[in-house]
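In the two complexes below, subunit A is the common chain; its partner is subunit B in one and subunit C in the other.
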Partner chain A sequence: MIKVTDLDFSYKGSKTKVIKGINFHIKKGEIFGFLGPSGAGKTTTQRIIIGLLQEYEGSVEIMGKERKAWGREFYERIGVAFDFPNLYLKLTALENLQLISSYYKKKPQDMESLLERVGLLSDKDKKIDGFSKGMKMRLNFIRSLIHDPEIIFFDEPTSGLDPLNAKIIKEMILEMKKEGKTIFLTTHNMTVAEQLCDRVAFIVEGKIPVIDSPKELKVKYGNQSIKMEYYEGEFTRVEEFPIKGLKENSRPREILKTKDIKTIHSQEATLEDIFIKLTGRKLV
Partner chain B sequence: MRILNALKSDVKFQFKQGFYFVYIILTLLYMIVIGQIPNKFINYVVPIVIFTDPSFIGFFFIGGIVMLEKIQGVLQYLVITPLSPKEYLISKTISLTILAELAGFAITLVTYKDSFNWIILFLGILLTSIFYTLYGFIVASGCNTINQYFVKMIPYLLILIIPLLVYFSFPNITVLKAMPPVSGFNLIYGAFNGIKLIEALGYIAYMSVINFFTLLIVENIFIKNIIKGGAL
Partner chain C sequence: MNKTLFKATLRANWLIGLFITLMLIMYTSIAITMFDPESADMVEGMLKMIPKGMIKAFGFSNLGTELTGYISSYLYGFIYIIFPVIYSVIVANKLIAKHVDSGSMAYLLTTPNSRIKIAITQAIYLASSIAIIFIINIVIGIILSESMFSGLLKIDKYLSLNLITYLVILAVSSIGFFFSCLFNETKYSLAFGGGVPLIFLVIKMLSELNTDLEWMRYMTLYSFINIDKILESSGYVILSSSIILVISLIFYILGIIIFNRKSLSI
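Moving on to the complex of A and B:
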């Protein structure tokens, strides 16, 4: 669906490349996470694919055609939800959806159902300038779907949402995947990426050092272990044992037999730990 | 079809943002002020008011609309819809030109009792409004804040006002007639005070060509500054 080959990009008037020869391939029906700290090149790459930046080197093939060769009809087939809600503040929620949907050839999806799904149906006739950030983000999210696009770009889709609404958004993204939509997810939230993405690309300083599924990354780079917390007199002590070779290790069994256990937890490296390990950078 | 939808959207946006309310107040003010002027000056005052209304209002309103769309981030979203830059510009220009025509004819019908040339007046307002709206867009496209816009519009406005003022003092300087504000003014003035057909046709053709090229220039600026320039 999207094939990026040897992509280089520098902003006009600057000699510094912000994107340095990146390569990736996103299949149809895949949720692809693009992860990295601020200024790593996430938004620039997304803007190139969307077509807002065109003076790039290399190739960006999307839906079987080089991005530069697409005309305005390209926008009939993609949806974008930016990381900040850019809505008409003096119009109501429903008017915002109606207005944008009128620019597309396709008959819009049922707006009331979409509003209901994200908990905004009762607010459909309220002006946006009275909405909270979370409400605006939810409306921003469904606006990208009204024309039933094939590829959807989400930039921090759960930013500013409470856990319940974030869960609804994540469920909707997974449903879209089931329907065969291709999703390009830009985020620095590793938990969201871990829950949703089939594969993730880490981007740092314009380069992609690794692309893989979150599960594979954990197997390859994570140190699985067991952490045992037990009482020793009035103190609490903690010991950690690698899962690999656990059955040959007599110390955990000894603790179980001789100590009063406070907690036992299996330890898994998070995607964030792996990101830091591989890139030497934090996701801020 | 899409341009019609864009036009509907623009009208809704302008209405909700209170632009029409301001426009009605201004039009009423014009009518009241003209009503106080002695009859012998009406032939001069009405064309001047009708000319300044679409031109200045078009110039300021388009700036206000584009800045509001920029500040609300809506423009960033519009560029990733199928709506093309040309459709966006044409729709905005039509919406403000309809307003200018309505206000211009309302002022004329309320304050001007003699006969006037409806067609020339219609074309004069049309061509003037299109030019000033597109010109106002050039100013707004490069600004990211209202303050920037207010500072930037002053020199742009002077470029258009000065030739007109010079023309009022020295109407025999023929070259000034080639300035779009002077051409537009002469058409509107001619609608009330008479104008040779050949001269009117000349201004209409000239302003149409100027507006066509201004649209192309503005479209280019829109693509360069707003879509590709990351000004959003």
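Moving on to the complex of A and C:
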């Protein structure tokens, strides 16, 4: 669906490359996570693929055609929700959706059911300037779906949402995948990426050091261990043991026999741990 | 042009348009209702008490006994410049630069609207909204004049005066639009789009205040609103209209080209 080959990009007037020869492909029906800290090149890459930034080098092939060769009909087939909700504040939620849908030739999806799905149906006739950030984010999310696109680009889709509404958005993204839609997810939220993405690409300083599924990354790069917390007199002590070779390790057995145990936990590396391990950077 | 975008722009900007229209209606109504050919001597006497330079700077140089000349001097020397200029500067900035700065342009560009279509739609909105403000005031001016002083208003001259003034404001709006397309940040768009018309106004006032600085009138667009020449010569109206129209078109087209080609910080 999307194939990026040797992509380079620098902003006009700057000699520094923001994107440095990155390669990846996204299959139809896949949720592809693009993860990296601020300034890593996530948004720039997304905007090159979308077509907002045009002076790139290399190849960006989408739906079988080079990005630069697409005309405005391209936007009938993609949907975009940036991380900042930009809506017409003087219009109601429903009017916003009606306005956006009128830009497209395609028949719009049922607006009321979309509003209902994200819990905004009762607010459909309220002006946006009275909406909270979370409400705007939810409206912004469904705005990108109004013309039933094939590829959808989400930038931090759960940012500013409470856990309940974040769950609804994540469920909707997984349903879209089931319908065969391709999703390009830009985020620095590793939990969201882990829950949703089939594969993730780590991007740091314009380069992609690794692309794989979250599960494979954990197997390849994660260190599983057991953490034991026990009492020793007035104090609490903690010891950690790698799962690999645990049966040959006598120390955990000794603790179990001789100490009063407070907690025992199995430790799994998170995607964030792996990101730090592989890139030497934090996801800030 | 995209009708949906045009309607959305109208919904976002109608209030300021209405405010400017009402302000001009108020001044037009006051000017016409105050007209009294029999008290012309008294008005002239009052004007003699104010420094000549000051009167000229604000365009009240010829408050004569003839209705068309009176309206022209009273309104078109300053009031019909300042309010439409304020409107042009604010709206021109909002139409492109503010969309880019706030990020809403990024959303617009992810719909099937091309940059050229967006810029043309916004340019048409600006030019047509200024035209509507003038048309409403022309109609009200004529109705009021005819109902109060039937036959005294030289309608053809009044229309010529409004045409030139509209075109000058159109040229000012084209400069504002040009800077709105040029800059990605509203602070620069507003500084240049508002700064240039303000400098033009200062130049106009200086050139009218001091005869030694009269040469400066060639450095401001507002000098095209030369009331005496407009009322006297239709040749001047045709020539100056053509020149201002060309200036307006150049800046509008340049703005659209720049917006289509530039890298947007979105």
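The rule is short, and it goes like this: the second predicted complex is superposed on the first by the 284 of 284 C-alpha atoms of A that agree within 3 Å, B and C clash if a C-alpha of one lies under 4 Å from a C-alpha of the other, contacts with A are read in each partner's own complex, and residues count from 1 in each chain.
By our rule, a residue touches a chain if its C-beta (ideal position, glycine included) is under 8 Å from a C-beta of that chain, and two chains touch if they have at least 3 such contacts.
Predicted model only: the values in this text are computed from it and were never measured.
Chemist: Would you mind checking whether subunit B and subunit C clash or fit side by side on subunit A after the superposition?
Modeler: clash
Chemist: Once the structures are superposed on A, label A:121 by its partner contacts, choosing first (subunit B), second (subunit C), both or neither.
Modeler: After superposing on A, A:121 lies clear of both subunit B and subunit C.
Chemist: Does subunit B (first) or subunit C (second) touch A:100, or do both, or does neither?
Modeler: both
Chemist: Could you say whether A:52 touches subunit B, subunit C, both of them, or neither, answering first, second, both or neither?
Modeler: A:52 contacts both subunit B and subunit C.
Chemist: Following superposition on the C-alpha atoms of chain A, which segment of subunit C from the set 43-51, 169-177 or 205-213 overlaps subunit B?
Modeler: Here subunit C runs into subunit B along 169-177, and the other listed stretches stay clear.
Chemist: So which positions on subunit A get touched by both subunit B and subunit C?
Modeler: Residues 11-12, 47, 50-53, 55, 72-73, 75-76, 78, 80, 82, 84, 86, 88, 90-91, 99-100, 102-105, which sit in both footprints.
Chemist: Where on subunit A does subunit C make contact in their complex?
Modeler: These residues of subunit A touch subunit C: 11-12, 47, 50-53, 55, 72-73, 75-76, 78, 80, 82, 84, 86, 88, 90-91, 99-100, 102-105.
Chemist: Considering only the defined contacts, which subunit A positions touch subunit B in the complex?
Modeler: Going by the criterion above, the answer is residues 11-12, 47, 50-55, 72-73, 75-76, 78, 80, 82, 84-91, 95, 99-100, 102-105, 143.
Chemist: Report the residues of subunit C in contact with subunit A in the complex, numbered from low to high.
Modeler: So the residues of subunit C in touch with subunit A come to 2, 4-5, 7-8, 11-12, 102-104, 106-107, 109-114, 263-264, 266.
Chemist: Taking the complex as given, what residues does subunit B use to touch subunit A?
Modeler: Interface residues on subunit B, with respect to subunit A: 2, 5-6, 8-9, 12-13, 16-17, 72-74, 76-84, 227-230.
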